[in-house]
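Order of writing sets the chain letters: A, B, C, D, E and F. Residues in each chain are counted from 1.
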Amino acid sequence: MGDWIVVPIVLPAVMAALIVLAVRHDIILQRVFSITATVALVAVTLSLLVYASGNGPEMYALSDWPAPFGIVLVLDRLSAMMVFLTSLLGLGVVLFASSEWDQRGKHFHALFQFQLMGVNGAFLTGDIFNLFVFFEVLLIASYGLMLHGAGAERLKAGMQYVVINLTGSSLFLIGVGMIYSVTGTLNMADLAIQVTNVASGDAALLRAGALILLLVFCVKAALVPVHFWLPGTYANAPAPVAALFAIMTKVGAYCVLRVYSMAFGDTAGDMAWLAAPYVLPAALVTLVLGMTGVLAAKRLNSLIAFSVIGSMGTLLIAIGLFTPEAISAGLYYMLHSTFSAAALFLIADLVVSRRGQFGDSLHTAPRFHQTGFLAVLFFIGAIGMAGMPPLSGFIGKLQILDAARDSDAMVWIWSIILVTSLMCIVGFGRAGSVLFWKSASVDGEITVEGAKWPVLPIIASCGMVSGLIALTIFAGPITEYLNGVAAQLFDTSHYIEAVLGANALSLVGQ
Amino acid sequence: MIKRYLPHPLLTLVLLVVWVFLVNEVSAGAVIFGLILAIIIPLITASFWQDRPRLRNVYGICEYGLIVLWDILVANVIVAGLILFRKTESLESKSVVVPLDLTSPEAITTLAGTITMTPGTVTIDLSADAKSLLVHCLHAPDPQSVVDDIKNRYERRLKEIFE
Amino acid sequence: MEFLVASSIGLLTTCGTYLLLRGRTFPVVVGLALLSYAVNVFLFAMGRLTINMPPILREGVTEYTDPLPQALVLTAIVISFGMTALIVVLSIRTFLEIGNDHVDGRPVGAPSEAGDKN
Amino acid sequence: MPFVVELIISLLIVIGGLFLLVGSFGMIKLRDLLPRLHAPTKASTVGLGGVLIASMLFFWIERGKFTIHELLITLFIFLTAPITANLIAKAYMLLNVDPNKELPPSKQNEGWATFDPIGPEGYDPSEEYQEKET
Amino acid sequence: MIDYALNFGFICVALALLMNLYRLTVGPTTADRVLAVDTMAINAIALLVLYGIGKATAMYFEGALLFAMFGFVSTVAYCKFVLRGDIIE
Amino acid sequence: MSLTLIVLLPFIGAVLPAIMIRAGRNACATATGSVTLLALILLMAKAPAVIAGEVFQVSYSWLPELGLNVTFFLDGLGLLFATLILGIGLLIIIYARFYLSKDDPMGRFYVFLLLFQGAMVGIVLSDNILLLLIFWELTSLSSFLLIGYWKHLPEGRQGARMALAVTGAGGLAMIAGMLILGDIVGSYDLTVILQNAGLIQASPMYLPALILILLGCFTKSAQFPFHFWLPHAMAAPTPVSAYLHSATMVKAGIFLMARMWPVLSGTPEWFYIVATAGLVTMVLGAWIAIFKHDLKGLLAYSTVSHLGLVTMLLGFGTPMAAVAGVFHIINHATFKAALFMTAGIIDHETGTRDIRRFGGLLNLMPIAGTIGIITAASMAGIIPLNGFISKEMMLEEAWHTMWLDQNWVVPLLATVGALFSVAYSFRFIFHVWLGKPRDENLPHHPHDPPFGMWAPPALLTVLVVLIGLFPAAIAGPLVAATAGAVIGGELPEYHLSLWHGLTPALGMSVIAIIGGSLLLMRHGGLMSATANLSRPDAKAMFDCGMAKAVALSRLVSDNLHNGSLQRYLAITIIGSIGIGLSGFYAQPDFQSGTRELLEVSPPAAIGWLLLVVTCIASVFMHHNRLLTLLLVGVVGLIVSLGFIYLSAPDLALTQISVEVVTVILMLLALNILPKETPKESLPGRKMRDGIVSIAAGLGVGGAIWAIMTRDLPNTISSYHLANSKTEGGGTNVVNVILVDFRGFDTFGEIIVLGIAALSIFALIETVTQGEAAKRLANWVVSNRRSADRHPMMMVVATRVMLPLSLMVGVYIFLRGHNEPGGGFIAGLVVSVALVMQYMASGFGWTQNRMKVNYHGMIGLGVIAAAITGVSAWVAGLPFLTSGFVHVHLPIVGEFELASAMGFDLGVFLTVVGAVMLALAKLSQVERMAEHVEINTEPMDHDPSLSAAPAATPGKEA
């Protein structure tokens, strides 16, 4: 695909800069620019996806320096899928925000495009330090977006989000530093080779560094015990931003998958599957805590936020198994949970904006405008998130359960996933009942000034929901693609050859 | 015309010298490039520094500079002596007032700077209408002589340079 | 020399972490700043310590220190500068919005002044 | 390198070092800020100047290259030292000196700039001292 | 001989820095502390220049220059803060 | 194909009511009914073939990887259930049309109903157990919606949630069970599974799978101990109760047991679990039913009891029992649906469902009464109705059944169950229809309902009678086909008829009828006796359990996520130390390094000492914030000195420039924030934090010590050193790495800066709203303030410094590629030079003289960098590829032009724009707080302009 590989990064960056430079005073033009760019991004990433599904990994050497000396981007099935997912999600979010949200503060669209750039960069890069840079890009853009429009609770939560992630960034550097200090490389493919060459006396340092890095990724992926930033952040972020953040946790999961299946995977000798003993138990606890939070939530947004934690737990259970089947299942669930979290946050915002002063508190309030329509949307979103049939969440969970069959922790995995599903069902049932049913027993109706049928937000929410439906209907072909992704992940030699040249692998062990 | 494109000729000269200092070599390339910068930068910064008085008395500047340099050397030795060899209790520190005849801010600033750099005195404040300097003396048994010294030795010369 | 650097990094980390764990925004920000010093030096020291071998190519000189960690640290410094700027502004913005600079979890609107917890 | 030049350089370095030391020593020896202010602002100029001239000489003789950029630092220091001294003194006086008692009057229409604003009205920090006394 | 002088210079500057540090931590007034930091910057420049002589390289000159410039700016900022609270008003 | 259509029709048709409701209630009901009717017709078209033994099957691939495919098959069992579902569904649709009042949103009702119908049909026709699971959970969801249909009623909402929780839980258990089953067999296809009974029963996973599947069945079919949710689901409109809770959904569990009967039954485990649960449910449900005053409550518990009966029969595991069970399913569906509809009629007509207020209703509403009495009699098992026949068969089977080697347990309890059953059935007859009216003041005056409402139960009643009279003729083929499907083999010898002669079962039946009648006569006394018994109230227990679960969740969740950043960070840090150590010590293979160490020089030692003192001071004196700031500044100073000492001039320059800007930022912030940090940490907390931070310090320090003491491996940077000059065109390798080798990092880095500035701008932009604006408006300047805002000396000095600094900036920028420096440092130098102007002459005056917009500068910078990168595409090279040429000009001499400079220019612009935007915007907050006027003059008083009026200093607060 050549230069197209870098387009998902450069296009949003330039577009954001252009928005700041040329149209920062005109919200309509900002929207036009932003939406156009996102649509173009969808097109580009789709063609990347199509290309990647038919070809092996492809490297793009920035500045024309050969790997591992310069920075490379790598397009493989996984990264193509992730950038496509990002752009789809981004399109929904930007549509939603373009109705009204983007006016509540400054620079929404510029920050949004930068955010897309950061996320895409994180997915495409093949260099750990460059990954750090893109982490920072996406984080700082997310700080800006998270604080969009301000407000006391949001600022308070934002403070925590920023500080925790800054600490995480420090840890990232420490981890990268330790890895570089014993392997002398930053390129992921090269790392996979160097890991096998590390002197035995140095291995302890490498392990420590790699695990610290794992912790950082887990911070992003909101894995217990480093998930604390998520509930406050997601619950208090502006709705479109919270929806966009659905992909942020996935970045963490992606990195776990990428780094620990490539550099510390099968080929890593003593260090093979370094992350596995840590990820799986933590993911199980995460799932439990997340769903406990769902049951405990007193606010709609924190309910959804905790359910996101839970879904990250589920996802990382699958990833933590580190088998091709489980990863394929996990990736399916990842697609699902991205859409369902986004859908729920968007729908929740439609609800909240109609509840006037009652906001998102789960207390009885009178009816509001469009209760029925929103109830349907919410119901669909909720069954998606809870993993109830017939939507993709159920299929995803089935696949994960199925893939966990051979695991030693099978009993734990199964029982926790199933029990927490119930907690999630109960939690969402309570919430839906309060929001949409109890209101019928209260007299009066809340009337909130503003658009009766906000077209773009409804299109966006329905778009997310239809994403879930599409995932369900096309589960077969999608799973087939994902199996290909997982197979490619496990067959690291192609990736390494694509990056380092055909004879790179012959140097292993020398 | 010249004024428009060369608002501060002296500044341009100074900048050219600074550039040569910076690149640390006196070559044609360096000078030409420095000259370009020395012309452009005053143009850019002109709005920050409009209608400033011109300095004409080049001889006066040189004389003043040498005197001050010498005084600085002396001042250092004197202050070092005071610090090292006098008991702190025996130092007669006090603030004195120096009424000013100068009116240009640049001149006043130069004077205040000179005072600070020279023996035993530091300019610590200026009256709000810029007509007096408050000078702190580290050891001044005779405050009036300090004031006279300042007025005669520096202010007079500055007046010639600036006004 | 290595010991001095290592202990300095350790000390910076310790102090940064301690301040990071305080319950007000300002010490937290300062703690982050100290921590980022520690991390920057850490990353820098990855290339091992050398004296007077700056990675600036000179005729006849063959020994240079590892330039890559330096480049990485530069990037890290700039990034942490941006982050610090943001968090500084965020902390005053939060302070203005909620009237106190606590980060120890008391809800918005709870009594804030120092006297209530001494 | 000729011995004399080497000697001069060494002397300059030693003198510079000594003056820097004295400047900082004065800062801890003297008992109050205003006297302290004298020490570093002065001693340091010569201290630093000595070192800089030593450097110039050293590179001139040693490298055969006449280096002048040290002068730039000197220029900066000369330009800035009085300002910092002035501002530090103002900061000190604002918080620690009673303008009505401890400072001589300005003998002009307006008082000292730190305490008296220009013009007829405005906030006057010196009033706070009067209030404190009453 | 220059080496001895340099060592002497290093020691002087080092002691001076320690004294500055003493003043910085002990105070008592904020102005004292600002003065200490300002002097520290001056001493640091001297240290750099001495080091440059010691290593016979001009590599550190820019460092010294920026120290001079930025030392001034930060001192001014501190003073302005004490004087006016708002340093950009 | 048409099989799929049967399943899909209700789902597709579910949109019809939503649309048709606009055309009126009749149209809506007609549309809904025709959907169901169509499906029923399609089904019936296949019925003869199925009864003849044929099995229809269709299959579509959906998710073959998982073994989840859309496959349906239709055999006798499926036919029976599908007929019940669609047939009764059709009746219910008609009934509901008249039952629902005008205020009820009928369209929504029918949508839910059709969804449910589709899900049910899906269950009974699925040939894939995963697909079955999907439909299974769908019934839970749609029944949740139906039960909660009257959302204004709290009972409805709670009942719905309870049903969802219980059946949902069962469904989840079943997922596990099904997955195990599929694992044992190696296929999720039901037809395959059904042929592998031996394999399954021999598997060690048989028991877990059995239990899990049965959990699903029992919860769905309200078997003991999960029976409690069903009565509360009665809050739903009566058509729902009639449909879901008599005819269909509760039978889903039964269906599944029947479906799995060939592979799961026949083992002792199956017998003891299923039969016992059924037996207990039958007796218990019946007993409770006797004492229910709510008409629907009585029917609900009777349903529980009858479902227990069927369960028990299936549990017996004998083919004959299975036949009896199947037959009773049919019978129960007919009479119970009719009974519910009758109850609905009573409710509808009288406005109450309290049995104690009824009596003699037969006179008032004869048609409904007749229907009610006949069907209730069938429920009681009175000859010659269909209930009698299946009950007889049940008792017959019970008679032969041993339970723990005791032959009396099952018969006795079965008789008792039948006896209770008679009692409540008679209670329904005598207390409602017969006797004298007990309450004259019923809410409405009852009379017979409209035809549409009584016709459906009447039709069912006809069936009740006909099956009773001619069982073999009417139900025979269906029973045979169904039972054949259940048993999966040869049917036993059986005879469907009213009279089997004088069998033990007949005796038991007689005992039951007589006993039941006696019991009813003593009803009043029993009532008061049992009223005093404290029976466990399942709903209260469930609610209490739920509340406890929620409370526990809150306890855990809220206490864990208490919003304390301190805790979060402490955990994060402890976690990182822990994981790092665990990695380090995972294997005892660590070896200390052998690298030759550098000597400690005096300046280094002094620097170290300074750093140590400053750090420690910064911790112990952190309550004084300004001092902390000064100390941190010193740390920065020492760190930059250290960088210079350790061969990193670029780093030192960057560090020191960043330092200053940071200090300015912090000072701006500190003016708003409190100047002191109060001492509020308790000693314990300090201790904890101290330990954590020392551990962190030791960890990081130890790691770096271990690293620095070993030799550097071959790193990729040797390539950088080798190619920097020749390929990258610069001698400063660090800079070449930054703008070329790893230019992409730098591209990201300046974007970070740009975003930071934009975020800061956006953040402060909102300061004019809400609480913050109020606080700023009421801001009181706490400290003493100097009177001069813009000291003259400073103004003059900075004016001179500006061009000098710009010159330095240009110099630093230009030399970057070859010597320490570069766009970033130059940007900071220029920014600082500009900030100096702001500090000296104030924002207003300076801003007037700034001709550039900082936003634009950021955008321009990023675009400049991007364009430099993209321009490589023109040459067919990848993004950011750099090129350089040596240009020779006369006089000037030779100099190098590198495209990396364009990139560096982008860096420069972004840095200046970002820093200035952030600082300028931040200072806006200060000005709002301080309430100062914008200054228009560079200094407070210009003595050279003595004639001019004095500049106005700001008004102070």
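Rule of thumb we're sticking to: a residue touches a chain if its C-beta (ideal position, glycine included) is under 8 Å from a C-beta of that chain, and two chains touch if they have at least 3 such contacts.
Keep in mind that what you see is a predicted model, and the values were worked out from it rather than measured.
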The chains touching both chain B and chain E are D, F
If you average all the Cα positions, which chain's own average lands nearest? A
Could you work out which chain's C-alpha centre is the most distant one from the centre of chain D? F
If I rank A-C and D-F by number of C-beta contact pairs, which comes first? A-C
For chain A and chain D, what's the span in angstrom between their mean Cα positions? 57
Roughly how far is chain A from chain E, centre to centre by C-alpha average, rounded to an integer in Å? 48
Centre-to-centre distance between chain F and chain E (centres being mean Cα positions), rounded to whole Å: 59
Check each residue of chain C and list the ones that touch at least two other chains. 20, 25, 28, 38, 40, 42, 46, 52, 54, 56, 68, 72, 75, 79, 82-83, 86, 90-91, 93, 97-98, 103
Quick check on chain F: which residues sit in contact with 2+ other chains? 563, 565, 567, 569, 573, 645, 649, 668, 670, 700, 703, 707, 712, 715-717, 720, 741-742, 745, 749, 752, 755-756, 759, 763, 767, 770-772, 785-788, 791-794, 797, 801, 804, 808, 819-820, 940-941, 954
At least two other chains touched by the same residue of chain B: list those residues. 18, 22, 24, 109, 112-113, 123, 126, 128-131
Where on chain B does chain D make contact in their complex? 18, 20-22, 24, 72-73, 75-76, 79-80, 83-84, 88, 91, 93, 95-97, 99, 109, 112-117, 120, 122-132, 134, 136, 138
Which bits of chain D are touching chain B when the two form their complex? 19, 22, 25-26, 29-32, 34-35, 37-39, 41-43, 45-46, 67-69, 71-72, 75, 78-79, 81-83, 85-86, 89-90, 93, 102-114, 116-118
Sort out for me which residues of chain E touch chain C in the complex. 55, 57, 59
So, in the complex, the side of chain C touching chain E is made of residues 52, 54, 56
Help me check something: in the complex, which residues belonging to chain A touch chain C? 129, 132-133, 136, 140, 143-144, 147, 150-153, 155-156, 158-160, 162-163, 166-167, 169-170, 173-174, 176-178, 180-181, 186
